[in-house]
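Shared chain: chain A. Partners: chain B in the first complex, chain C in the second.
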Partner chain A sequence: MTRWTRLRENSLLLLPSVILTVALGIYPLIWVLRYMFYDYPGYGEETFVGLENFRRLLRDTAFWESVRNTFVFAGGKLLITVPLSLVLAVILNGRLRGRHFLRAVFFMPTVVSTAVIAVVFYLIFNSYNGMVNQLLMKYHLIGSPFEWLGPKHAMLTVILAAAWGAVGNYMLLFLAGLQSIPHDLYEAAAIDGAGPMQRFWRITVPMLGPVMQIIIMLAIIASLKGYESIMVMTEGGPIGKTEVMYLYLYKLLFPVATSGAPADQQFGYGSAVGFTTAVIVGIITAAYYWMSRKMNKVF
Partner chain B sequence: MNEQTAAMGKPVPRKRQDGAAFGWAGARLAAIAGRAVLWIFLLAVALLTLFPILMTVTGSLMTNAELMGGGRILPSSWQFHNYAEAWRQSNFARFTWNSVYMSVAATVGTLLVAAAAAYVVDRRHFPGKSLYVGLQASTMFVSVGAVVLRPQFDLMVKLHLSSSLWGVILILISAHASTFFILLGFFKAIPRELDESAMLDGSGFIRTFYRIILPLLAPGLGVSGLFAFRHAWNEYILPLVFTLTDPGLQTLTVGLANLRYGASAAMQLNLMMAGACLSILPMLVVYMLANKSFMQVTAGSVKG
Partner chain C sequence: MWKKGLGLGLTAALAIGTAACGNSSNNGDASASAPASSAATSSSTASAAPSKASSGDKAVITYWTDDRHDQEYIKSLIDKFNAENKDNIEVELTVLSENYNQSVDIAFSSNKAPDVLRLKSANTETFVKKGYLAPIDAYVTDDMKSKFGSLLLDGVNTFDGKLYSLPNSGQTLRLVYNKDLFDKAGIANPPQSLQEMVDDAKKITAAGKSEGAYGFALNFKNPKSAFDRSIREILSLSGYQGLGYDLKTAQFDFKPYGQVVDYFKQMWDDGSVLPGAETLDIDPMRAQFAAGKIGMYLSFATEPGVYKDQFPTTINWSAALAPTLEGKQVGTSEIVSAGTWLGISDRSKHKDAAWKFMAYMYQDDFLTAYHEQGFGISVVPSIAEKAKNPDIPGMEGFLVGEHDSIWPVSPSVTPEGANYGDAFFKYMLSGGDVNKVVTDLNARYNDALAKAVEKGDVKIQPNPSFDPSKLGS
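Now for the complex of A and B:
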């Protein structure tokens, strides 16, 4: 077989992947890296403005407000998701009857569309005719309708919706980690007289460390990036209370035209915001990785 | 008993000494109470998990008045014609067709592109191989959010693909890195002797790919196909962006979310629930049939 035949065969099979990756994966990144230094309304001419977009970003209070909201959202989601999924994984790792069925139930939300379930949450958490309030009032758990999507509680509601979709996924990842812990460790500890709590803290937690470090990192990244459900449930409102940074970014890149006037397109500034959000996520991930480095040691 | 509770990691009898102090009967009582607490907790979480889905299903079978006013969980009379209405009036027939078309095309495309690439990478040496693999890996981790949608969209406009679902399909296929790595794992399990002997018998490299390798790769294609299909079927923002100007192309996720701003003041909540069901149920049925595969691949991502 000649070299040319080999080359032709290789390229024929590899080219679709390479072309798609370069055109739709790499080129957009270069586009962002270029236009963040430009003023570019999407048509006509583009002007090089240097660091002007970043100067504007520093003064953009709406953006920094959205960064703050992102931290509240991600923090809230993590505080519910990580402990709950770990507890469920530890319980379902035992020889409990019905554990396979329960695992399937808890994992089920991961196959449901985030956008569709956000529509459902939007409907059932509606203050006046939503089913959640109706049921809570029927059983006298609340006296008057609770404003789930009002300015005060909207953040809580979007956090609950996001946690609903995420717990099963992390439960399964924790389960995979738990199942790699050798069983004889527990048996040896039991013979030595260690109680259940001791075995949990002295065996499960340290042995799970490296896997847990990765799982929590995945959870942090996912919770900083998620904005689909917020977009559907509140669109960042009311009064910007649930505007997270990736949603703010989306609105810059795909602005909605209001009443006839063409939408105000600022792709240069949007690129600068996109780059900055990626850097923020990167810094947090790196900081977490550094702070959690002890978890990586198996004793 | 003790070992079982230990495996569950729950502080059932608080300490051994406590049990001893209460005597045998006390320890047993504490263990039973512990189990009860455990089960109440598990059932509560299961109920909260199922509640939104249950409400969607039962809500889709109520009259609108009952849904808005009641606080009922089960409908007083089952309104199956809601589905017929959603199907015809609210354009869900169109949305469903678009979703099926987009998801099937994206899944088949992703599998073919990723399988062909994995075949070459696993069976051949070529210059730039590690660069290619590194590139694929890096596309999974860089995330600048919706910004990249803008150049992707503009590119599709230039290629005249923005007025069909093919723009969305190509972008979905371009994100085939995870499928590529899953399939690469499955390739390791196919013995090289098989394709080598086929090639000795005169079958070419490419012919061997679709005659010998693809059939042997079926389990891997099935599992990663499930994931690709789930991803495409549930995608929201991509089809949203591409169908802003052409509502006839909307998929179920986009069409349903857009119903929130219904033209009429009174929202047809029950029809929206029926639409949500149409979107959720196919995936749930697939999940019930193949939940082991879903869980295996998800778990595999940390086991490495």
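Now for the complex of A and C:
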């Protein structure tokens, strides 16, 4: 096989990925980079507005509130999912009876549609006839319906729903990481007199370092970008309390139709918001990667 | 060291790229990648014709609608047209389940636009601006002009002097109330004023709370949708344009709107609103009304059909004119979505055939049957006069009467920041100074209006002599 033949074959094999990346990744990116300097409602002329979309972004309090909400949502989700999925993975990596069945059970939410999970959580937590309130009222633990999805507690409820849907996925990744840790290390530690907690903190956690670094990075990106379950459960409400960055962006691009005056799609401003949110996610991820660089060094 | 730096840089670039792709696909969707997703949403497509035309002469035209409530009737009309027309035209019906406007956008950007489209007053202007629609002036006959002439409005049917659509039916909006809960609370009649509504809601809640029944609710998950079906009517009947626009000055003035919101806030503060209403979509709210948990709400003339088919109910309910600010009907109750029904695509290759189908649909017999079967309330005078009232429980409260009329069009603008629905709902739940909310909304909406006028998207004309009491007369 000549060098040219090999090059041609390689190029041919790469072509589908390149086409997909260009069409679905690069092209939209260029589109966004251009339109963020324009005012464009999806019809008529595109008006070049320079940096006006970014000036508007700076004075758009609703957007910055959505950034704050995103951090609360992502932080809350991470605090629940990462430790819980690690603990579950460690338990299910042991010689527990029925562990294969339990692994499947915990992984199940990952294959269920996010929208379905959100609808189920809505049915469980809504104030007027949700199961949780009905149970609590039946046993006289509360006198009147508790507002799980009201302005004060909606964020907690959407975090719980999102965490429930994500734990199984990270558990599976942790399980894969755990199974790559040599068993000899545990045996040697046990001979040296280390107890289960010591073995967990001194062997499991450090040995999982590189895997954990990647898992946490994936979890951070997913949490910052996640909005689907919120859209179904609260649509960002009540009064913007669960409005996260990407939901705010979605509404700019696809405003909800009502019988009243229709809202225009805001492709220009939406592109500026899209770019800014992407930069925020990028900076946080890069900062995390830099701060967690030591996790990569196991030996 | 440089390797580390390179790795870090690549990671950052990758993360930005990943995130940007995530949202830019939302952006790019409109023109590029969304057809695939729209295909999924249109899975409820109901094809009226079993297969596409194979012969070269046959003109196959497609009709897209997002009306689901009348699809069986429309399908029967299309089947009849396909079987009987002598021009070798075949119509295919597509009923979209949701995201109609986006699906139309995608269809036009990917050259798969339907030939005939269902138009609503909320989307016609945008479709005209986007160049989707063909004028029908050349097709409309004199008979049609006399039949629809008095109803054709600039900014609804005509734009820049060109006609794009003809009316059929409209929607009245009413206060829908549970008579059983009213009786239980000792209230004889539906409220005439907003103060009465606040008082009634309190009484109903006091009488029914132990069984989970509350005085009032709306689909506050989307506050604008909730207010556009309630405050809009309260205001128009009180003599003010219902979407915050002052027809006399041709400027936005949300002061009357704020006054109505204050009464809504009072009901919220009193605990008279169904708990969790802030998370309710319209259908879950209707389900609660059908279960006898809600004393009253306001909505469209679609509600009788909903309680007949979608949420059959045993409760004793009725509909009445909306309450007003002072208890007096100074204006008229606005008939909404009334101006338009069908329109022809500018991209259609079979415009003549599309018009033949459109003219067929606008026959008197069909418009009459449409009204009589309760799919919509006819606003065409010659039809409304002779048609029988629809035989659907509860519809009698929604029929067009002396207090109903179509209102002049108000401009649609998209302001910076929160819309009036979100801004007022925030005030309802968290309090503050309503005057500040009104001032802020006026400033932002009038700013957007000025920009839209400057750009030529919107035309406004102050009408200092506008008198709401003269509407409909």
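The definition used in the following text is that the second predicted complex is superposed on the first by the 265 of 299 C-alpha atoms of A that agree within 3 Å, B and C clash if a C-alpha of one lies under 4 Å from a C-alpha of the other, contacts with A are read in each partner's own complex, and residues count from 1 in each chain.
Assume a residue touches a chain if its C-beta (ideal position, glycine included) is under 8 Å from a C-beta of that chain, and two chains touch if they have at least 3 such contacts.
In this text the structure is predicted, and so the values were computed from the model without any measurement.
Under the clash rule set out above, the superposition-derived model of chain A with chain B and chain C contains a clash between the two partners. Contact with both chain B and chain C is seen for A:Tyr122 once the two complexes are overlaid on the shared chain.
In the superposed pair of complexes, A:Thr110 makes contact with chain B only, with no contact to chain C. After overlaying the two complexes on the shared chain, residue contacts for A:Glu9 are found with chain B alone; chain C is out of touch. By the document's definition of touching, of the two partners only chain C reaches A:Thr234; chain B does not. After superposition on the shared chain, chain A has more residues touched by B, the comparison being chain B against chain C. Judged by the touch definition given at the top, the superposed model places A:Leu51 against neither chain B nor chain C.
Residue contacts after overlaying the shared chain place A:Leu249 against chain B and chain C alike. Contact with both chain B and chain C is seen for A:Ala278 once the two complexes are overlaid on the shared chain.
In the superposed model, A:Leu141 makes contact with neither chain B nor chain C. Residue contacts after overlaying the shared chain place A:Ser17 against chain B, while chain C stays out of touching range.
Mapped onto the common chain A, chain C and chain B collide along 93-101, the only clashing stretch among 93-101, 237-245 or 417-425.
Residue overlap on chain A between its contacts with chain B in one complex and with chain C in the other: 23-25, 27-29, 31-32, 122, 129, 221, 225, 246, 249-250, 253-254, 267, 270-271, 274-275, 277-278, 281. Residues 4, 8, 11-13, 15-33, 99-102, 105, 122-123, 125-126, 129-131, 171, 209, 212, 220-225, 227-229, 232, 242-243, 274-280, 284, 288, 293, 300, 336-337, 410-414, 416-419, 421-422, 425-426, 429-430, 455, 457 of chain C touch chain A in their complex. For chain B in complex with chain A, the residues that touch the partner chain are 2-12, 15-16, 38, 42, 45-46, 48-50, 52-53, 55-56, 59, 67-71, 73, 112-114, 116-117, 119-121, 124, 126, 132, 135-136, 139, 142-152, 155, 170-171, 173-177, 180, 204-206, 209, 230, 233-234, 236-237, 241, 244, 252-254, 256-257, 259-260, 269, 272-273, 276, 279-280, 283-284, 286-287, 291, 294-295, 298-303. Listed in rising order, the residues of chain A touching chain B in the complex are 6-7, 9-10, 12-14, 16-18, 20-21, 23-29, 31-32, 84, 88, 90-91, 93-96, 102-124, 129, 131, 134-135, 137-138, 164, 167-169, 172-173, 175-177, 180, 186, 190, 193, 195-197, 199-200, 204, 211, 214-215, 221, 225, 227-228, 231-232, 246, 249-250, 253-254, 267, 270-271, 273-275, 277-278, 281. Against chain C, in their complex, chain A makes its touches with residues 23-25, 27-29, 31-32, 35, 41-44, 47, 56, 60-62, 122, 126-130, 144-145, 147, 149-151, 154, 221, 224-225, 233-235, 237-240, 246, 249-250, 253-267, 270-271, 274-275, 277-279, 281-283, 285-286, 289-290, 293.
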